[in-house]
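Quick one: this structure, given as structure tokens, is what I'll be asking you about.
Order of writing sets the labels: A, B, C and D. Residues in every chain begin at 1.
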Amino acid sequence: MEYQTILEHIYQEIQPLAKEGKQADYIPALAKVNPDQFGLCLRLMKGKVYELGAADVRFSIQSISKVFSLAMTLSLKGEALWDRVGVEPSGSAFNSLVQLEYEHGKPRNPFINAGAIVTSDILLSHYGREQAETVFLEFVRALCGNNDICYNPEVAESEQSTGYLNASIAYLLKYHHNIENDIHDVLHLYFMMCSVEMNCRELSQAFLAFARSNAPFNHGGIELTMSQVKRINAIMQTCGFYDEAGEFSFKVGLPGKSGVGGGIVALYPSRYAITVWSPRLNEKGNSILGMKALELFTTETSESIF
Amino acid sequence: MEYQTILEHIYQEIQPLAKEGKQADYIPALAKVNPDQFGLCLRLMKGKVYELGAADVRFSIQSISKVFSLAMTLSLKGEALWDRVGVEPSGSAFNSLVQLEYEHGKPRNPFINAGAIVTSDILLSHYGREQAETVFLEFVRALCGNNDICYNPEVAESEQSTGYLNASIAYLLKYHHNIENDIHDVLHLYFMMCSVEMNCRELSQAFLAFARSNAPFNHGGIELTMSQVKRINAIMQTCGFYDEAGEFSFKVGLPGKSGVGGGIVALYPSRYAITVWSPRLNEKGNSILGMKALELFTTETSESIF
Amino acid sequence: MEYQTILEHIYQEIQPLAKEGKQADYIPALAKVNPDQFGLCLRLMKGKVYELGAADVRFSIQSISKVFSLAMTLSLKGEALWDRVGVEPSGSAFNSLVQLEYEHGKPRNPFINAGAIVTSDILLSHYGREQAETVFLEFVRALCGNNDICYNPEVAESEQSTGYLNASIAYLLKYHHNIENDIHDVLHLYFMMCSVEMNCRELSQAFLAFARSNAPFNHGGIELTMSQVKRINAIMQTCGFYDEAGEFSFKVGLPGKSGVGGGIVALYPSRYAITVWSPRLNEKGNSILGMKALELFTTETSESIF
Amino acid sequence: MEYQTILEHIYQEIQPLAKEGKQADYIPALAKVNPDQFGLCLRLMKGKVYELGAADVRFSIQSISKVFSLAMTLSLKGEALWDRVGVEPSGSAFNSLVQLEYEHGKPRNPFINAGAIVTSDILLSHYGREQAETVFLEFVRALCGNNDICYNPEVAESEQSTGYLNASIAYLLKYHHNIENDIHDVLHLYFMMCSVEMNCRELSQAFLAFARSNAPFNHGGIELTMSQVKRINAIMQTCGFYDEAGEFSFKVGLPGKSGVGGGIVALYPSRYAITVWSPRLNEKGNSILGMKALELFTTETSESIF
């Protein structure tokens, strides 16, 4: 069956779930998004692109940005990065702070908030306050080939001013000597990166760079070896979906990353990257339609990495 | 480079680690194994076999047996299996009992001891005491095509008589109504399955059945759909190495399963299964030479699923 | 105001709570008790006795027995006892097994189940299987001066056969080398001690021995120094009511011990011992009428140790 | 034996421990204190005073201040205080943040840091920023009858600038809606109260007010009922020494409160208050000589509340 036909078929199948869940509402900027939007973009390594719905409407990428900051810090630090953040799945949401306290301030992996706060600190130490934001944005723009990708400072500001749990995590990291910079600056950079807005088309383009693991990676000045790209994929496989990482790996069988803006990106190494966006979330913070669409996609195409 | 050359090269490279760690010693039967043995067997889907060292010496498969019992219970129960055991990584070793208590007796996945005790209980309920052992052994024999695979009842007995932590876990599961049978019988079956002895050649043959995920699985009367085989692989990817699952996924990039007997099996879907055995373990309970050999193998062959 | 008048006043005041909660029902023997019974006995050091209701109806003392086994083991082991069990409050119910796992099998105090399983083991090691039960019973009989105090073996048997959580705890203790004897024997003794049946009159008499902290303690062959008696009182003050120890200390201000049979004993050093019994429990497992009656008693008499 | 003789005897007995442990060194102001100082002041309800060593040298009272802020907030809020903070012992130090997370931001008791940060917030909401500090100081001055008791703003400043763990706790409380004011302001007040400097003589005088539990409490405008004073004592008994509360209750048998400045105050209701100060701490943060001196004092006088 042709991909476009499969996608349209999936679109029909997920309709019964279309009104389940609701969008993230802890900040006004996310709460006022129309929850009934849906977009999908599949981009093959060989060039073909298939789309559904609002594939060109931008949304807040939120935690998907953690893949970009991991790529940057792995490029900067190499293996030394793993002294400050681990590569193990975090077990479960309930013990974010708990686990951090037991493990003396070393976050389990770069995709939980604690881990991405540490990678933000590394970027800040290396680039300095102003430059860090610029370099990050240039990297993302280079990845998707679009120079008008931007931060949404209102979203960033709003998240920072209400982000008490993240502040609590950041101070605990600082207490354990795993933050070098001023907490306010670290959180500012962290929330700025989360506030970037992209659409499905741009995200699929950006993640195709990570699907190409048989060639060196060099985008916007960020260089990674083939082995490093594979390892980023391995971390997406085991840690990309918080407490649903096992469930996603189990049902979808691809490395991926989700964000509370409702976006999910997944990739099949050497073949394609696919992005789905729909703001209504399940209780774990992952897009309901996005999870279901990806499960159906790999089932119907029989294409998982396993 | 030819596989045999790569394997011999790897064998040279791991020598500096040959005396690190020591074998499991909590039961006499495991403690008296010569710790300086090493075996490896790579079996390609297309039929070729490559070996190194003691590939034909049998050892206690221990937790590798959990893949077989998962296959059997998934075949029996289908999706209903996930009501009694999860598919999420367990986070970390330190909280085996902790996590079980918080999650009211539902083990995180079928590869932690708690999960495999539950699958043992399911087999016991379905087949009855005597038949359960027979069916399990026939399944394993059918998988590797060798009828003289056997339990080592002395090992099983010895483990059961000193297995206080597993008994503690089993009673906690019973308290949460997740064990139907008598604890003693459940633990007896559990330890019998762990006591099976196989060599690298037999394990690679057995796991080739799980690498063949594009055809129905039917061995020794146990049937699985293609989708179910993929899902077993996904669980091996995220949960196969206890608290080192992320590390293994990160460094090796293949689904796999280890046991405290020093064996590790990994597989590349549609391509091969590879088994390494060496009794000296790291502090997480995984074979030191085995982990390193597999890391070098996927690095030198550039063959990971990512 | 005269004590009898105060007691009758209290009895009126607690009536609105008379139908709240329900008795422990996890074993038939406890479930079939008439939940609407109430008894109280205040026994002054100087000899006077005041009673209300069913002060002479026997009930299952359950965890109140832990005070007796603590006294016996402290007499046997002296300070060495604290190598195997602590004197700190346990924090909260939710983490019984959790805390035990973190603290490597040393129970926080002798009044949580884990601690009393350890004291049972100590008695078993010292006295042997048959003798341990006999010596315990003789001690309790000597304390209350009544030779027809007995175990209820049916209750003990019933508890042991369904006591999966206690078995889980006992195996975890064994795993950490804090149990010397066979688990079954330890639990048998533990549940036998819990199954002893006494009435309010007998319990107040028995605890008067602990209220007399300015003279050596010598009952039924068990000897304690004045300092040891004070320390048993201190542990009752900080650990006697599980997760409500602070609440009881806060509202009542006396050392005491409760049991799920609905009994509560409290004492005012050098002055009196008081026992209340009523089977309906709050969610923490303490008698609702008992807690309220004691709170009112120390408030109306202005007699707390503080 | 006369008290002064007993005190001098104790002083001789503790000398072998005089060089054990070291003072708190996480802030310069505490680190530069001469660790070899020792002071003691026993003040009887009937008026007599007994002293040893540097009883008139002021030191940083640190957590002893938490008793004063508890008294103020209990006076302000009455029973409603317990909606925001509990009265249960905290179990153990290791799980400060853990327990707070499980219990959704309600601190276990007012003497752990989290609890005292909440009482600081309550004072701030009621009195406003400037007035809160003034009223607190006036209360302490009234308690000990000395108007030159002061904050040490340098100590407060220094603690706040390095107090990452307390900031982490405060943000977690805020996340759970248990802090009303700006975090910086709350922590400022909290650290100011900790920085108050008093000597043994002044502390014994101040705590005599809490030992007098048979008369209304009215000092510096803060009023408490007799019952409220008793309850403050009960909380000191069960929660006054962090993870050593059971140990202190067990060995000393009196309500009390310690601080990392090396001070410990204990009281015997209706009889006396006693303060010991010596900067060298054990691993739990309590003064080594202070703990030992109080243990010997109640042993040699046979005066504990039990």
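Points to keep in mind about this one:
In this text, a contact is a pair of C-beta atoms (placed from the backbone, for glycine too) under 8 Å apart; a residue touches a chain by one contact, two chains touch by 3 or more.
Every value quoted in this text rests on a predicted model; they were computed, and no experiment measured them.
Common neighbours of subunit A and subunit D under the contact definition above are absent.
In summary, no chain was found to touch both subunit C and subunit D. For the self-contact between subunit A and subunit B, the two sides draw on mostly identical residue numbers; the shared fraction is above half. Averaging Cα atoms per chain gives one point for each, and the point farthest from that of subunit D is the centre of B. In terms of their C-alpha centroids, the spacing between subunit A and subunit C amounts to 55 Å. Work out the mean CA point of subunit A and of subunit B, and you get 32 Å between them. Subunit B and subunit C have centres, each the mean of its CA atoms, that are 47 Å apart.
Shared interface positions of subunit A, defined as residues touching 2 or more other chains, are 95. Contact residues of subunit D toward subunit A in the complex are 95-98, 101, 164-165, 167-172, 174-175, 183. Contact residues on subunit D toward subunit C in their complex (touch as defined above): 86-92, 94-95, 99, 102, 108-109, 213-214, 226-227, 229-231, 233-235, 237-239, 243-247, 249-251, 253, 255, 269, 299, 302, 304-306.
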